[in-house]
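In the two assemblies presented below, chain A is common to both, partnered first by chain B and then by chain C.
Showing the complex of A and B:
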């Protein structure tokens, strides 16, 4: 059976004129967030893995020290939101590419949406309700500044 | 090549393009795999970090599992994936937005690989020394 292939230069027929072009904004978002994420994630990895004893120095007191500083609170919040939305939107593209049945596609896209929203809410709450000096905890596990409070 | 009904030549095998075969395709395959891997790591990572809201003991217990040698190798692989995804992401952006991007996509792929090797040479020894120098206590 012969299939007709449109001439590449034929004017395309479907033209959308109304509404927000979400796919276009998604495309722009992937690029804009990617550039910012490169800086945020490389900075995160540098400070947590390469400075001092690296991963060996990470414990509750280390996190307490970082999150007492609004600079790192904002840094981590931006990283959390940008990375989860970038990753979630990327996963959406992949599901759209491979899921052939409408049901599978809906279920997978729903799962991605739930995961992204849940992680953003949880991660944001953790950063802003964090207490570096919880009462009753052994002092040697806490940041050194807790002693002076 | 065979002559088709339109009287033009059709190659027996599709020629390599930006997206099919060689660097163009493999860079995309790797970008996809690393993107998925980082996404799943991030889900786990937000959950393990949230242990700071339970108690210092709970957080330290979870994070100490990241400090054993096997996980140390895993973290090196994770950083390798991120560094590739990040540099190749910049290459994708340049292909799309720079007027000569598509022309130089293959060169840029090898630039990405070169930068990846340099970054990992800077990262891996230092991280692995941190991980392995304390094996067996302290």
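Showing the complex of A and C:
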């Protein structure tokens, strides 16, 4: 009886008709977002860790102060969205490269999607609804610049 | 009449015998008539430092186990028949010298990955050639060449695609690509290299057709630039660079 070893690759199917070429736009997105992220991340690190008192200045008030400035709100939002989608797409391609079973692939891709969407939604919510001086909080828990203190 | 031995000739001193080494090869065997799955088998062979892995395989086949099966044709790095995975890297057995390997440890030899294994070191190359055919690797031109003349091309135009003309279709690059290992739709590096050879040929007129084929969802965009292919190529083709040039040509819409 002859043993046949099955082909290690997924079966070749007829190529689909053209629509939006997501794989191409994903590839372009990775390059474009990568360049922008370089500026955003190193700008973020420079401002947080090197300018002024450097790392010692970082506390609740520092973050609260940054997010009361629309410039840093937009900066952090951009960084969040670009980085999460960049990382998520990278994870997606790794799963596509190495997950051989269709079920494993679906589960992993689903988990990545859920994680990315959750992080983006939560992060964006925090950036724009963040209130360093919530009304009715005990004064000793509030940062020094709050009017109630 | 008897021959009398002459006095020792005053020629050069006899050369010291060339040192031979015992080399252990562990080969991934698979006989579809006997085995349920591939198994590793080790062989000890006496080799010189200047011998190649192909010589070791020959020695095993001729002196120890005639059932060992592998492909080889020219045995000099031109035909591209004997690409295999040697110590985890895709190499031509006929271009891999014993002296370039660490023979204090066994040398692992197995068939190239990503293609259906048929027997021992032989795989079914059909999926590889199928994707090669898909990129239309032949000159296409609607214009007639000058009467009784060849199509003239400048030295610079010829140099543009010189690197990718060196391909011998051994599949070392394609079967070193982690995307190709699992993705049945991906063309693989060799097909893209051979598309590159015609896309950037000034005499060819079907570049846009080929760019369209390679702009497929699973065309060049699945390339992860891991450089496995460039590392594997026995001809030293800058495979990853060729793929990147095709990507740029697609973005531009022309070569």
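FYI, the second predicted complex is superposed on the first by the 118 of 149 C-alpha atoms of A that agree within 3 Å, B and C clash if a C-alpha of one lies under 4 Å from a C-alpha of the other, contacts with A are read in each partner's own complex, and residues count from 1 in each chain.
Just so we're on the same page, contacts are C-beta pairs under 8 Å (C-beta built on N, C-alpha and C of every residue); 3 or more make two chains touch, one makes a residue touch a chain.
None of these values were measured; they are calculated from a predicted model.
Contacts of A:81 after superposition on the shared chain: neither chain B nor chain C is touched. In the superposition on chain A, A:7 contacts chain C only, with no contact to chain B.
Judged by the touch definition given at the top, the superposed model places A:23 against chain C, while chain B stays out of reach. In the superposition on chain A, A:72 makes contact with neither chain B nor chain C. By the touch criterion stated above, A:98 is placed in contact with chain C alone, chain B being left untouched. Looking at the superposition, the partner that touches the larger set of chain A residues, chain B or chain C, turns out to be B. Common to the chain B and chain C interfaces on chain A are residues 2. Of all residues in chain C, only 30, 32-33, 35-38, 113-117, 124, 127, 130, 178-185, 215-219, 221-222, 224, 247, 250-251 touch chain A in the complex they form. Partner chain C is touched in their complex by these residues of chain A: 1-13, 15-16, 21-24, 26-28, 93, 96-100.
Residues 2, 31, 34-35, 37-38, 41-42, 45, 49-50, 53-56, 58-61, 63-64, 80, 83-84, 87-88, 90-91, 94, 115, 119, 122-123, 125-126, 129-130, 134, 137-138, 141-142 of chain A are the ones that touch chain B when the two sit in their complex. Of all the residues in chain B, the ones that touch chain A in their complex are 5, 32, 35-36, 38-39, 42-43, 46-47, 49-50, 52-53, 55-57, 59-60, 63, 66-67, 72, 75, 79, 82, 86, 89-90, 92-93, 96-97, 123, 126-127, 130-131, 134.
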